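What follows is a group of structures, each given as structure tokens.
Look at the two complexes coming up: subunit A is in both, with subunit B in one and subunit C in the other.
Here is the complex of A and B:
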């Protein structure tokens, strides 16, 4: 598989403060779904926004490379970058309720992408918009086109956002917590839809989530982030069945068992909390919360070591293969 | 006031079982009823307030025309001022229903004629000031927000603060001194040139020439208000998620700014326009006085001081009617601008 999106050694910082994301590398190939997992505030969304070139305010990429189909995104002029957005890469956001403009009809919000990137006329764009709504399985698409976002449910709105992201048949789709704000039943529908679209359109899908269940359902590969950098990466089954970083193991153990039985295990938790970028400890950033931490962990920051299987882990003392999660 | 935001997230709007009246008609009828109720309350309240004040219109007449006690009593009887207040009120309201405001002694004419004569002056003044200040203020606000934090924004913000802080009568007098007295560019006062017998386009330009200064004076404060509200509103809207979606689609900054954001940011400005019309309609007394314009504010002011109750109440009636109508129009405009606003 050739890489569609390649991120190399990315560093994102705010002004001159300590970097929020550092030493982050990952890649997404065509037709591949990569789950980017981590706690809130670990830099997942910033990574996604930096790929889209949408970092706002004084946030910016300080170092590293982001390549989309070989084009280096940071060195592109704004005009070219704008062209890539919507045309080659689309993004789905966390909050479907606020992601659409409340005073514009759904149809206008879909067709403007087509008219902007493809130079389509009104009628042609409208026909394509109906197709798109049908693609994301919105019933009665012709009528829905003239509705406003507030007339639709959260799930429907998320489908519209997906339709907008897919309008120009991009090769990369970034979905930032696409189901977090939705009801559980709707979540499953949207995930199924995303997976199906990804297969049908041979998309590279970067799925950002904090839900390991979602990753297991949808993703081919998983990238686990902690405090701004990748701590573990590999095929989903390999990593989730056989986590080698204590943080990944902790995340897996912290999942609810799904049982209400009286004897069901209490939730295990990872003690402490994610340090703020400025308070990240020297050496291994996870050592303050790690049960296995040794003096070595304080002295030196571990590198991301990749096994021949492709399973990579950033830990001096990774958990043994086959040890229980 | 009467708009409601429906719960987000419900499905299609349902048309429901067919009612005898269409929703739009029911809405208009309800608004009409509300308007009538407001007018009655305003008029009853104002009437009683006026009656609470010492002195009546016969006292005012006596001040200018040496009347004997007998003559005054006769006049009071003639105008019904000797009756109990409640009787006077009912009589007044009965007249009002036929749009008869009664007699205005200080003008020696029916109050309705006086008001109809002066209404156009204020109407022109208000329409010009509101549209000018709204357009200029909004442009300032948008420019400031587009350049937020940059020198242009700082300069504009400082300029708007200056306009905001300087009382309009000071600006009026200063402009008079500079543009009329020193430079002799515009007439110093009045609504039009008297005795020139201008008609048609010549008259239009004559009036426009006369109104440059008063309209500018009425605008300055409101330009600052629109500018500040516009800037804040744009910056608020630009932070919203849908702006990020628009950027994610690869739209140009211009479209994001002027199509996506501006339309959302207009609502508070429209609200402000409604308030401005209401407050200028009767409240431009100072400017009307400084520039010798025979408008509604001036008329009300004179009526109060000369105890011309009929004229005063007439002005109150017309101003309230304008406020009620403008409010209705603003609500309709809301519906055009924001599809979430319902006929409720």
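Here is the complex of A and C:
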């Protein structure tokens, strides 16, 4: 597979403060779904925004490369990025209500993309917009086109956001917590839709989520982030069945399973909380929350070591294969 | 066991220009001392409104409610009595705490309002409850914004427990927390329950969390309970098509196959809900009878279900469908 998106040694910082994301590398191929997982504040959303060229204020890419179809895009001017956004890459967000303009009908919001990027006329754009709504399985698309976001349910609104992101047939779709604000039954619908679209349109999908279950269902590969960098990466089943980084193992063990009243064990906690970028410990960033931390972990920051299988882990003392999570 | 909470056909209807909105539509349940009742359902099903009726933030428009065997009244003394018995913690601890008060003042406030103790004894009580929830004297001097999300939720729990209530209503109390912190708070709630003999009404949209923490589970849809029973009976022996859909919707390995059934559509409006069974518009088993009469909650096998065809669905499940 050829890499559609390649991020190499990315560093994102705010002003002159400590970097928020560092030494981050990942790739997404066409037809592949990569799940980017981590807790709030780990930098997963900033990574996505940096790819889209949407870092705001004094946030910026300080180092590293972002390549889309082989071309470096991290230092392109906004004018060129605006062309890539929509045309080559699309993004969907957590909260469809704030991603949509409340005073424009959804039809105008979809055709706007087509008219600007593709120079389509009004009628042609409208025909394509109906096709797009049909693609995201919105019933009665002709009538829905004239509705406003507040007239739709959360699930329908997220379908509209997906339709807008796919309007110009991009090759890369970035979905940042696309189902977190939705009810479980609606989440199931949207996840299935995303997976179908990804396969039918041969998209590269970068799916950002905090939910390991969502990754397990949808993704081919998983990238686990902690405090600004990748701590583990590999095929979904391999990483989740055999986590080698204590943080990944901790995340899996912290999920409730079974019933406490019927004898299920106490949940395994990860003590403490994610440090702010300026308070990250020297050496391994996870060491002050890690049960297996040793003196070496403070002395030296571990590198991301990759096994021949592609399973990579950033830990001096990774858990043995097959050890209980 | 004695019931801490009993509701009988509790209703909260709002008048709207389009007709009555039945947010809570005849809920009868009990919570025993030391018991956790989990309440699951999707947004708009009325679970938060039910919680607010129980705590007294909203007034039910019908039915009965008893706390410790007493019907709560309206006067100040009665409201204080109710507050000493029932407390609530909310989803977003940042929004639930006054940003301008120190943690110590936040936790002290309920004691002051209830007029309990002297200044010195209140200070002592606050430190004691703070230690129970895993906060130290250091945290008591902080402002909410100086704490992490998990610590803020501990403050909410301490504030709720400082009056020694019997029932704690937890409305999506761990939903806004990261998984690792969520585990800390769930363990804390289990420890406190054991130590203080608390009862919980634990509301969440997350079925795995509810299954873990609850003794019994109630599943709500459009203002009504559709399935109710011991946690494992409801989870493993689920009979209502809605409960089955909720479990099937949990993302995991099994959901990878695209022929696994998932629920289509959205929850209908609680204004003018469907006739008969409120779930029939999304139900894969719906038949003509479902549009005519509304199924009541009834005992089927191990637990209670509100479905006309629960026996048939149970037999299908047993046959391996």
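Quick notes on this structure:
Here, the second predicted complex is superposed on the first by the 320 of 325 C-alpha atoms of A that agree within 3 Å, B and C clash if a C-alpha of one lies under 4 Å from a C-alpha of the other, contacts with A are read in each partner's own complex, and residues count from 1 in each chain.
Simple rule for what comes next: a residue touches a chain if its C-beta (ideal position, glycine included) is under 8 Å from a C-beta of that chain, and two chains touch if they have at least 3 such contacts.
As the structure is a computational prediction, the values presented were derived from the model and not from experiment.
Partners subunit B and subunit C, brought together by superposition on subunit A, fit side by side with no clash. Seen from the CA centre of subunit A, the centres of subunit B and subunit C span an angle of about 70°, rounded to a multiple of 10. Once the two complexes are overlaid on the shared chain, A:117 sits against subunit B while remaining clear of subunit C. In the superposition on chain A, A:217 contacts subunit C only, with no contact to subunit B.
In the superposition on chain A, contact of A:107 is made with neither subunit B nor subunit C.
By the touch criterion stated above, A:150 is placed in contact with subunit B alone, subunit C being left untouched.
In the superposed model, A:90 lies in contact with subunit B only, and not with subunit C.
Of the two partner chains, neither subunit B nor subunit C is touched by A:13.
Smallest inter-chain Cα distance, subunit B versus subunit C, after superposition on the shared chain: 7 Å. Once both structures are placed on chain A, subunit A residues 153-154, 156 are touched by subunit B and, in the other complex, by subunit C.
Chain contact summary for the complex, subunit B toward subunit A: residues 5-6, 8-13, 240-242, 244-252, 255, 260, 263-264, 337-340.
The residues of subunit A lying in touch with subunit C in their complex are 39-40, 153-156, 183-189, 191-192, 195-196, 210-214, 216-218, 237, 250-251, 254-262, 264, 266-271, 273-274.
Within the complex formed with subunit A, the subunit C residues making contact are 36, 42-43, 148-151, 178-184, 186-187, 190, 205, 207-209, 211-215, 231-232, 235, 245-246, 248-253, 255-256, 258, 262-264, 266-267. Only residues 52, 54, 56, 82-87, 90-91, 93, 95, 97-105, 112-113, 116-117, 147-148, 150-154, 156, 161, 164-165, 167 of subunit A touch subunit B when the two sit together in their complex.
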